[in-house]
């Protein structure tokens, strides 16, 4: 057995990253170490948005995005659904109507269960109506047209969008702005973030969506993994800083080491 | 309703008509606004220019109908340059629509006398995304034993001496999403160190820049404008160059929309 | 069986694909692990080809239901099912018999039906970005203002007419693309690499099983 | 004007206009063409992939006796077990295979090209404004996405610098998207005005 040349540092890096991740996840699972995930600022804006809707007496709209739970974007959809649990509790607390729209058939039963459980947990099972969670259409633009219709007819006062989005993000953001809703969005779909930032009041960017979901669900594996990723990030930052300081002093040692 | 809020709530269909006019009029009556060439486009041009007649270049056609208006003109322009240089063209796709665009390009050059299997070949679509790109990169003849037209690739003169992706003088990925340039960089360019350039849909350009800055991607055509610049560099202005005046007016319209919308918004806020 | 076998499969094939980049076993020109990984990759190409049909089965189920029950819009469902079947049959015959009239018909169906309709579906986005520019993209915060200014500068640098107005616009746009954009994209890429690594590792080790579906 | 006499061109021009009409008002003709598009794209993909299966598995088995390729065929067929309740669990074997290969492959690629190569490219001398923006831009964004620590004091300022850099990044993306979207509309307009009506020179 021989090592292929030029892969030593790469192999070592992979090994170190794997050990950090596994140890962090296991420590968190066993309860020995729980990474203290900070509260994400965007979550406060959700509370603010629901409060505004309550004052105005108009409903809150929520979408967990357009991604399937079996596709590559599944983590975004799951994080969105974790936020849905939080939004349900808030609307129950404030007695504000909630409308959840769904594009993916697989997501529909999951969302329905989350909302039903959320209302029961808040002691308000009566707030759950058959049309609280609505499946609109599995075609992308037909779903978007359905959401826009709901915005206008029901005078939605707060619009919360958390999950995977594609080109329809523009349509939601515009329709929400037209009815004057407070909008909070969150997605790891990099191409759509600019439009959300320009049209929404607050946007959770990329990894913030996952961290927000983990914070709300307090899922040990996810928390441990985020803790492990933070450690790797810390080492990365130290490496970059050291490397560029050494380069400033004229040494390419670290750069060369990384190539080994 | 005040004038300002009326202005903010103008019917969207009015906006659509303005956009249509801003694009259609300069298409019919070109204005002839000059176009400067981006250094990234020149990099691709120079890479092709440095090739020798008889070299084989791989074009990876990774786009769909949705992105084709932004990317296909790039592939057409680069193919023309390769043809003029006497460089051989092999095409492959990791998107299912790709080979059909390949056929569109090849048809023209076969009519001009290039011989299929000797000067050009369409290796077709390989399913499997990232895994397929890696497998193709490491073992070209083993991955595409049969080409798009059902012919055996073994024994084709153009495939002589091609074992892995390093045997292509240059690989250019024309791409409108994933799998595409990310996968080419991390599965083939990284381990094998091939010469890799890209033609990307405009939307993907910002995400590709870290690879360009780090030298993993040697040149980048940026959407339709990249194609237009390339057409001008090779002296054959085509559909992309013809669209540039419309791009100019279209951009002006969108900038005007952002400005007017925001002025109305800010004034309205002040009045309130 | 139901729970363990998939986890074992994932682990074994994943480790082979990982180690093929690092370790060589055997004296020949191509190592043992490299041979396995190459064979496995070939298999993926075949399995992935089967996977494409999954979405179509769902489409067929939903829309044939619409047709048999004559739900509103069932004529559209008929169009969908009809075109799906026609394209699948013609496409298959055409590919297995290149150079025939069917192959030509297939290219025409692609060039004049599928390709233009797909392009038109996405072209509508041009309308949407225009109306959203007018009615939704607001300088509602300092951050949104910075974003919009950068966007407008890039647009002025990209459109040939911008250069006619002021010859510095392309330079500014290029700087924004080369420096702050690359810094931002690079940091996001590094962060995503760490996150992607952690997810892949959790899947490989069977800690994460979301892809296998929750229900037994 | 030099209108096309090709019926295919007429059909595609009509289809494109029908799709555009959705932007103005949802209508039955749009819906018909939308379904035609969805159906044709799905059918096209099936044709392409059947061809792939025949060329890469069935012919090698029948003509060259590569019987080992029966395994991926079985895995492929098992994917469809999910549509039959009693054997649905079998489809997980195939999923596990696809996902396992994907994860193993992506770990290496991601660490090599998107992690180490990008770290290396950021180790640049701090001797110009551009380089300083680059290095500290990357560092402060990484700091922004640090979740297991409260953002206070200097860390807060640094992380907020990261957020500003990201806003510029997103602005650049925004500007690029505009050009991309206009290109798509231009492609369609060139087909309609040029290919169909013959209005373009």
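Order of writing sets the chain letters: A, B, C and D. Residues in each chain are counted from 1.
Just so we're on the same page, a contact is a pair of C-beta atoms (placed from the backbone, for glycine too) under 8 Å apart; a residue touches a chain by one contact, two chains touch by 3 or more.
Source: prediction; values computed, not measured.
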Chain separated most widely from subunit A, comparing mean CA positions: B
Chain pair with the greatest number of C-beta contact pairs: C-D
Distance from subunit B to subunit A - Cα centre to Cα centre, in angstrom: 32
Separation of subunit A from subunit D, taking each centre as the mean of its C-alpha atoms, in whole Å: 20
Inter-centroid spacing, subunit D versus subunit C (mean Cα positions, whole Å): 3
Subunit B and subunit C: spacing of chain centres that average the CA atoms, whole Å: 16
Multi-chain contact sites of subunit B, meaning residues that touch two or more partners: 9, 16, 19, 65-69, 96-97, 126-127, 131, 134, 150, 191, 203, 205-207, 210, 213, 225, 247, 250-251, 254
Sequence positions of subunit C contacting 2 or more other chains: 18, 21, 41-42, 44-49, 52, 95-96, 110-111, 114, 116-119, 121-129, 131, 135, 137-138, 143, 147-148, 151-152, 155, 158-159, 177-178, 181-182, 185-186, 188-192, 194, 197, 201, 211, 213
Sequence positions of subunit D contacting 2 or more other chains: 22-23, 34, 38, 41, 44-45, 48-49, 52, 56, 101-102, 105-108, 110-112, 114-115, 118-122, 138-139, 142, 145, 166-167, 169-174, 176-179, 182, 184-185, 187-188
In the complex with subunit C, residue positions of subunit A that touch it: 1-4, 7, 10-11, 14, 17-18, 21-22, 25, 69-70, 74-75, 78, 138, 141, 167, 170-171, 173-174, 176-178, 190, 194-195, 197-199, 201, 206-207, 210, 221, 225, 228-229, 232-233, 236
In the complex with subunit D, residue positions of subunit A that touch it: 9-10, 13-14, 17, 35-38, 40, 139, 141-142, 145, 190-191, 193-195, 197-198, 205-208, 211, 226-227, 230, 233-234, 236-237, 239-241, 243-248, 250, 254-255, 258-259
In the complex, subunit C residues that touch subunit B: 21, 38, 41-42, 44-49, 52, 95-96, 98-99, 107, 110-111, 114-119, 121-123, 126-127, 129-131, 133-135, 137-139, 148, 151-152, 155-156, 158-164, 170, 174, 177-178, 181-182, 185-186, 189
Subunit B residues within the subunit D interface of the complex: 13, 16, 19, 23-24, 27-28, 65-70, 96-97, 125-127, 130-131, 134, 145-146, 150, 182-183, 185-187, 189-191, 201-203, 205-206, 210, 213-216, 222-225, 239, 242-243, 246-247, 250-251, 254
Residues of subunit A touching subunit B in the complex: 178, 190-191
